[in-house]
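The structure under discussion is supplied below as structure tokens; questions concerning it will follow.
As written, the chains take the letters A, B and C, and residue 1 is the first residue of each chain.
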Amino acid sequence: MIELYDYELSSDAYKARLLLALLGVAWTQRYVEYYPRRQHRAPEFLALSPRGELPVIVDDGTIVDDAQNVLVHLASRHDPTGRWYPQNDAGLTSQVSTWLAFAAALTPTASAARLHDGLLYHHIDVDEARRGAHEQLAVLDEHLWFNEDAGWSWLCTVDQPTIADIACFPDVILAEEGGIELRTYPAIRRWTDRVKAIPGFIAMPGIFPA
Amino acid sequence: MEAPIPEAILWDDWHAVAELETVRQWDQITTTLFGRDLTVTDAAPGVRIAYADGSKTLPASIKYGLVWTCLGTPQRDVIDFPESAEPDRYVISTGSFGIRVSGLRLVENFLDIAHFPYVHTGYLGVESSPQVLPYTVRVTDEDEILVTDCRFLQPQSSPVSTGSLDVGYLFHVLRPYTVLLKKTNAVEPDRSDTIVLFVQPVDEERCVGHTLVMSLHAGDPDEACRWFQRLIIGQDRRILENQRPRRLPLDLKSELPVRADLASITYRRWLLDHGVRYGAIAP
Amino acid sequence: MHGTSRWFPVIRSEEIVPRHIAFVQLLDEEIVLWRADDGALNAWENRCPHRGIRLSIGTHAGSEIVCRYHGWRFASGSGSCTLIPAHPSQVPPKAARVRSYQIRERYGFAWIALGDVEGEPSLPELDGLPHLTLRSMTFAAAAADVAATLASEPGIVVHDPYRAVWERMGDAAPMLLLLQPESSAMTTLHAVAGNDLTGAGRLAFLRAHNAWCKEIRPRIVSEESRSAQASR
């Protein structure tokens, strides 16, 4: 059984919930009150994962942390089709890695701006966070526009979504909660529609269902 | 440019500006009230509140796990809730959340049951049962707004409820930025839980919602209750940030009310009558 | 701001994909564009008449848009409300109607006019030619500033505040550069060329134009205004 250390407003924890739902894998929830109680920095949680970040999963005794790594783990271990994390085509695997890294880089930008505005993280430099997010979104919109033009619906050049899409989607769509409007990124808006249309998609507060 | 000073009814009142727990965690936080930056500093057992530029120390008070201040001259105390003294209740602040919309719009959202099936789908309402039956609204002798006789079918009215429940609601607007609701407790149906929303007007188009829950122990365990409140406000936030204009129009003709909006209409009129213009668009 | 009595391109037609609610801005007005399942194209004010929620967060239900807040439904064509779920047996009042704008599809774009306008969108330079629309790009600058930068580029002739022609060397067909003033501080540049390139040639052309847009960006947008945009 998979245990997920979870917080309902965490974009990173939502990545895990979303992939678990798409894979149809059962799991149990362990609450970690990230805000306001900061339980992710409490000794009990740090004993489990010294990085002190959500999500963490415990899968049959194996502890896995880091949002992107959790996706890699879940897809490698629980997706018999192998489509969410394609590993038998080196070019494709490398594309997935690139976008997993891109997703991680949204933490100090789009995600930080959202924490500042919504969860009152007063110490974040929100102007700098938003500026960085706009640079990244411009890159993403261009990539998606040219992919669409070539007939690809997803981040990678493959005809189905991968964990790259799952990793990038939450902080991109939630960027608006950090005062970063997506209107001028039309290819991103169309891609978020497609992600929501994936069978088995689940929402979270701040992300509407399809 | 100095931010405008709001009406005395707001300026000379107490406003929640932080959760105490957050101040204790960080030693010092910054926040904004009526466009003025403040620092709130841990000074256990109390807190110290001052303008961020150091120009003035402000009155500080701690109640319900929240930190309160007043920029003018307080004309009345922080509201007292009799049920906060009942021994079989939790009295907990469940988190403070920033929302980019006028605080008046947040109060109006709190008074609105018609959005439950669409915004809180599967929790406070279901799309198959969106009908809002007539309810009663009146302004009391104490000059507060009281909404009664509200009933609504809810699939999961609280974290502990196990099936759908025809829930009775009462709403009570006590001050322009303070509103509470009482709803049927899922375990003891003849008693109710109280949820209070204190809105901190950051400026005319931004606010912070501070939520206080006074639920029966017989109901939700503390942790689940906190989770539930965050879920609900997280769902409302995205809606409210997409409301235009961000300020609340007081001209009753500029948005189109229906019968279900009786509470909202009464609130807008009441604000108008009390001269509240901060965060509003005057007719 | 002037400009209400003319047609502006606001999006490439093919970007208004099925069951999608596209979101643009023209002269400070927020507008949603959506295609009903029967093909009818709608351009509406991005605002629900009930309590002001943006329809860009609503759902596209085929022939209606459903508002996220209270589920009011608005019909393709008229913009009239067809259902108020809180009062399902009540006929929605006439005033429950979303404001709509005039819209046309020509030269591969959707065009909107906010006010009274004479005639149809027209690009005489392209009549009789094929058209290839390119990737549009948004700049944090007034249309006049974008136009000034365009005018300083070799080969580009600015015809009016919102339109320039690029006679490209080695290219038989001209390219039209069309400005969409989103606000006094933001402008989208659309481009359409009179060619029918395909395959690798087409892609190289699209890429080159995209690279050129990014190259002129720093010449239009100062660092300050970019950070001002970021913090809005």
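By our rule, a residue touches a chain if its C-beta (ideal position, glycine included) is under 8 Å from a C-beta of that chain, and two chains touch if they have at least 3 such contacts.
Because the structure is a prediction, the values reported are computed rather than measured.
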item	value
Graph class of chain-chain contacts, one of line, ring, star, complete, other	complete
Between B-C and A-C, the pair with more C-beta contacts	B-C
Distance from the mean Cα position of subunit B to that of subunit A, given in whole angstrom	31
For subunit A paired with subunit C, centre-to-centre distance based on mean C-alpha positions, whole Å	30
Inter-chain centre distance, subunit B versus subunit C - centres from mean C-alpha coordinates, in Å	39
Junction residues of subunit A, two or more chains touched	179, 208
Overlap residues in subunit B, where contacts from two or more other chains coincide	238
Multi-partner residues of subunit C (at least 2 other chains)	30, 56-57, 68
Residue ranges of subunit C touching subunit A (in the complex, touch as defined)	11, 15, 17, 19-20, 22-25, 30, 56-57, 59, 68, 135, 138, 186, 188, 203, 206-207, 210, 226-227, 229-232
Subunit C-touching residues of subunit A, taken from the complex the two chains share	126-127, 130-131, 133-134, 142, 145-146, 149-150, 179-180, 183-184, 186-187, 189-190, 193, 208, 210
Of all residues in subunit B, those that touch subunit A in their complex	19, 21-22, 25-26, 29-31, 95-100, 121, 208, 223, 226-227, 230-231, 233-235, 237-238, 241
Partner subunit B, residues of subunit A touching it in the complex	8-9, 31, 33, 35-38, 117-120, 122-123, 176-177, 179, 204-209
Contacting residues of subunit B [partner subunit C, same complex]	114-115, 117-119, 127, 130-132, 238-239, 242-245, 255-261, 264
